């Protein structure tokens, strides 16, 4: 039996009184986005999700240890275009931070969002509440950014402890990592509205891997063939990697503003276009 | 007494998907406290209409008002007052039974403590209190459907929308759902339901529309529809293994006088009549020799058969 | 009359006829690009510093390593979602169980298909190696069976894992705690001797390291750490043990 408030209110309505005391419709945009975030937070308590969260840091750290230190041991120091000589791990670590900040939010906003929407039908019930499709997307983006921030924080702590950057460098790099996540999250959401099925996941995965490999990650961009350099300059990850490097061991200049501006632009544009298309995808 | 303001009102409502017309210009009004039903086969346009009312699918043409508001402009405000139980339960399998309710409550801006309290009440209402901490996946179909109904009630909605609430459930689970919906109806909750089960529509609905190929072909209370489109009683004749069309040919018009109308189905012949027993006597007098005879009251199925000229297929 | 496991094998082969295009990118193009990218870009620095001490150019050094690594990744990757789906989504195994097939037939048939998949991917990679001139003569072709053995040796264990878990997210976890560490620390990119002792022990357990040793011996003609028979024996041991574990896990899932 329904008791308490519900019973009283249902009974009152049966008597023909329609006055609403506690109408639950008063919920702002922030609350609605928060509800989506809360859903993910609640689900993260499951073993699998929790393990994914806990091991999220592992990947960039393992790459740093293997390529940065392992292969770096074969290389020693490398000379940058401006003549600066840095140990290979110092050169690679910022790229791992940037790549890790990219891949989580990008994959979750694109493939993750699409799979939740199409295959798992997770939002079929959510769209029946005051929460709008665009708010669902933003809530999911915020959740992936929260995770990415956590990974980034742990990673800069490790970098500092290993002497790969200064405390100031680490503190400055952290918000840039979050910005990278935002840019790729916005881009991912936009791509999610174009996806059609599993086969597209492979292409996205390949695109991410190629960016990871060729954004000046493992070797300075100046070493690439000229044509390749042009392409690389267009990828947001290149700007992310360059910005983090400027802050962790380089000398920040006007170039840093260009990198940051590019990332902001990609994120805002992606999010704006995505929110225009998402309603059409979810509410046919 | 003036008629109360309708909660849902549609005029010439149309939904198109490309060239396909799912809903083809329907008119309807749902009044407060009413149990309103959409009856029709799959593909009749019931779910598309429900989705338009639920503000998750913009109408292609015509006007639609829910609570006097426009679903396209005021979606969030309207949805705040609706409770929707979708056709596929679409429960969150990563959350527990209770979390499915409390997390959903947050989407309506219901405070955490309040959400928890409502969840407990509703779990008891749908008899799932013992399963509160369990995951959703191992629940039976009936339990999942009850949970979906509880979730639809979390915001204490003014209108409860149920899209085929008992499709796929076993008879026992079905009756439990019906019982709960009836209790809500007694408390004055307005409910809108789609179904392709005649008995469900007959048992639950105060008023219903019969939909076929995107159009409304009849409207009224179950009793009104039966009175209008069928006769009081129906005699069903079966003829063993003989084909009914062969039987009909053999009998010619020998049966015409003994009923108002007859319908030849693949497995039986239906005779629509005011007095079933008199018709049975007449059938025997005319040497029709059926292998079995059944006299029953008219149902919505007869109405549907009459209106669309075909049996209702799942 | 054909063995019943052949029916299960053919089932998977027929599905592959519809999906093979998608796998070209993941299991052929990406590894090839990775080889070229790492070999030339990073190799420029490794080789540049006055002889790298690896006994070959960096490209030639990592090529056999990446071959084994690719084979292992196919062996793991094809045993995760596909197997989980067989029990939970597509329920292919349950469908087969309703036929005269035994659980062992079902497992053997699917593993046979994995062997085909690993072989196809490894062959593709060997072709790329040939084009880049990193096979080191006809003897280098022996790297193909070595890589296939390494990739196949781990597949059955992954089957057992996918058959045991009941949460999808745990499939993604395997990528992070198994695939990434294996491919990064099994001597593909740098000699395991440069790792601390703990790392060296872990690498010696990893079947990928044994695969890398065998492939490198084939293409570069260098001696292996344990000798060829020992590495081969170790990988065969993994294959057999994995089969037993997977058979138990499959039987448990399909008979309750």
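Observations, loosely collected:
The first chain written gets the first letter, and so on, giving A, B and C; residue counts start at 1 in each chain.
By definition in this document, contacts are C-beta pairs under 8 Å (C-beta built on N, C-alpha and C of every residue); 3 or more make two chains touch, one makes a residue touch a chain.
Predicted model, so just to flag it, every value in this text is computed and none were measured.
Ranked by how far their CA centres sit from the centre of subunit A, the chains are topped by B.
The innermost chain, defined by the distance from its C-alpha mean to the mean of all protein C-alpha atoms, is A. Computed centre separation for the pair subunit A/subunit C is 30 angstrom, with centres defined by C-alpha atoms. Subunit B has its Cα centroid 44 Å from the Cα centroid of subunit A.
Separating the centre of subunit B from that of subunit C, both taken as means of CA atoms, is a distance of 54 Å. Residues of subunit C in contact with at least two other chains: none. Among the residues of subunit A, those touching two or more other chains are numbered 46, 49.
Of all residues in subunit A, only 1-7, 9-11, 13-15, 18, 22-28, 31-32, 34-36, 38-39, 42-43, 46, 49, 120-122, 124-132, 282-284 touch subunit B in the complex they form. In the complex of the two chains, the subunit C residues touching subunit A come out as 21-23, 25-26, 29-30, 33-34, 37-38, 41-42, 44-46, 49, 52-54, 58, 165, 167-170, 172-173, 176-177, 180-181, 184-185, 189-190, 194-195. For subunit A in complex with subunit C, the residues that touch the partner chain are 46-49, 51-52, 55-56, 58-59, 62-63, 65-67, 70-71, 73-76, 78, 88, 198-199, 202-203, 205-206, 209-210, 213-214, 218-219, 223-224.
Put simply, subunit B touches subunit A in their complex at residues 17, 32-33, 54, 56-58, 75-77, 79-82, 84, 86, 88, 90-95, 99, 103-110, 114, 117-118, 121-122, 124-125, 148, 151, 153, 155-156, 184, 186-189.
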